[in-house]
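The data blocks that follow each hold one structure.
Two complexes, one shared chain (subunit A), two partners (subunit B, subunit C).
Let's look at the complex of A and B:
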């Protein structure tokens, strides 16, 4: 979700196989660099592998260009990597959030074969995505500061994942401003 | 003498030498020197910059020091274009290891893998060897801080202090005299600057002619590769008494 000169990215913490819960502290949001975060929902193994491949590409980019990747560039990279597997795709839906030039917030999501969807306010992905769309649409206001943004994204996340049987076990929220990154754990319905 | 045996890299001479490899080392002997010193809390790399025209666009990038991965860096002596290829290869190898094993590549393995690449060009393909010598400095959790020197033949060795490039014999003997096993990082910087100032050909020694990089553990325990800024380098040169201002034209 986009705020005033800041952004927030949040996920639930459940890793499950249909009805069985495997882990209740699964890391779904990854830091690429201080101002760029990637959330990967969908198949756990594909999420981890895709993240490792992206770290590979980003580290080489950093060494060669001697600077961090811009969020827009990173989104194009993710999209290209997903389309490479057009006929045997990664079963993931990425959510990319970062601070671009002049610390302007950038968010986007894409489907599992790389169709980018840019938005100015919020993007959602996962099994509870329909519920999240509704919650975000009603709770979102433009130009929120980082504290209000945290409240809003937390409420939208918790209310949606509590109603979804495949998501849950709390939430993980990252609030990123140009100067710092705050990570918080939310308590929701633990089931 | 044995002139008919030196035009192909892939054959031995009657005396059992690989002439192309030796000629490659000759090429490095004319290039800017680099010195590496291993200390108990870090590794120090110092390089002599050969290209110091005022017209050169000095951006943040360095001429002699390159980062291979977060925990490994190298200093270069020899043909820069050859070096760029090898540095790129080393970077990709390090990332491939991290992708497969999800941990940083051990320094010796990285050096070995790069040297295997170099060796390939001395045995098959009919291509000339790379005219570069490297000083690799890095840290891993198995062996701590390490310094390796590699040459065009694909040979490498672990060193406590090493020199490559112009006047490396003189630099190496000076290092042998003054190096102590429990040297600290600051003392290592001092020693490196002193040795380089004595072996450099040029008449003046300013921070524009040198590059200094260090690998050490930061206070949070993470490996850090840091290139010294020209201002700090100037101050250090004055502090250690090795600076020589350029002669008035």
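Let's look at the complex of A and C:
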């Protein structure tokens, strides 16, 4: 979700296989660099593999260009990597959030074969995506500061995942401003 | 080896969303007025709400032909009840009748997703929510239809209904005022309209309270 000169990215903490819960503290959001975060929902194995490949590509980029990747460039990289596997895709839906040039917030999501969806307000992905669309659409206001943004994204996330059987066990929220990154854990229904 | 399946279905989905909220002395029942089939719009002003009794209003989304048939069956059963008992059916009684009517067609169901709203015999708001075959529950609020998954988590957040498993049993009706509840319903439909293609055009809101019944219409996005 986008705020005034900041953004927030959040996920639930459950890792499950249909009705069985395997982990209640699964990390779904990964840091690429201080101002770029990637969330990956879907198949856990593909999420971890894709994350490893993207970190590799970004480290190479840092060595060659002597700087961090811009979020727009990173989004194009993810999109290209997903489309490479067009006929045998990674079963993931990425959510990319970062601060671009002049610390302007950038968010986007993609389907599993790399079709980018840029948005100015919020993007959602995962099994509870319909619920998240409803909750975010009702609760979002433009230009929120980082505290209000945290409250809004937390309420939207918790209400949506509490209504989804396959998501749950609380939430992870990252609030990123030009000067700091705050990570918080939310308590939700533990089922 | 595989069984040959019909390439004709007796059902269609005409889309739409219905919401109801119960208050301490009022009930709000709302539904959008768009009727669609596939990706086309059939009409922009179709009412999905039906008055079954003085204090019972039913909003139904799903297959409108089945909804119309269901409304006819319930209205005629209510008329018979009035002839036999010389009074209107109470909302909880209508709720049970609806459940039985739906289960009667357990093996060729009414493709109707219903929300029944009204006032009980004490004058408190009551909302009953159903699945297609008649499983029902009295709740403080409910949403059904294509926009239900978008609206329900937001209503959970705003109305914070207590779990029915808590002891001592807490009242499910919301402490919100009637005006606040109507505003909340309008917000829900505005948000659902943005993200659900089958919801929009306008929303018909029925407000039931001790003084009687009132109707409001709010325009929604038509795209």
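For the reader, a short list of remarks on this structure follows.
Throughout what follows, the second predicted complex is superposed on the first by the 191 of 191 C-alpha atoms of A that agree within 3 Å, B and C clash if a C-alpha of one lies under 4 Å from a C-alpha of the other, contacts with A are read in each partner's own complex, and residues count from 1 in each chain.
Please note the rule applied: contacts are C-beta pairs under 8 Å (C-beta built on N, C-alpha and C of every residue); 3 or more make two chains touch, one makes a residue touch a chain.
Treat the numbers as computed from the prediction; the structure is a model and nothing was measured.
When the two structures are aligned on the shared chain, A:53 is found in touch with subunit B, with no touch to subunit C. Within the superposed three-chain model, A:133 lies in touch with subunit C and out of touch with subunit B [touch as defined at top].
In the superposed pair of complexes, A:66 makes contact with subunit B only, with no contact to subunit C. Residue by residue along subunit A, subunit B and subunit C are tallied for touches, and C comes out ahead. With both structures placed on the common chain, the touch criterion links A:159 to subunit C but leaves subunit B unconnected. Of the two partner chains placed by superposition, A:184 touches none, neither subunit B nor subunit C. Contact residues of subunit C toward subunit A in the complex are 147, 149-154, 156-157, 187-188, 191-192, 194-195. Residues of subunit B that touch subunit A in their complex: 60-61, 67-69, 88, 91-92, 95-96, 98-99, 102. The touching residues of subunit A, when paired with subunit B in their complex, are 52-53, 55-56, 59-60, 63-64, 66. Within the complex, the subunit A residues that touch subunit C are 130-135, 137-139, 155-156, 158-160, 162-163.
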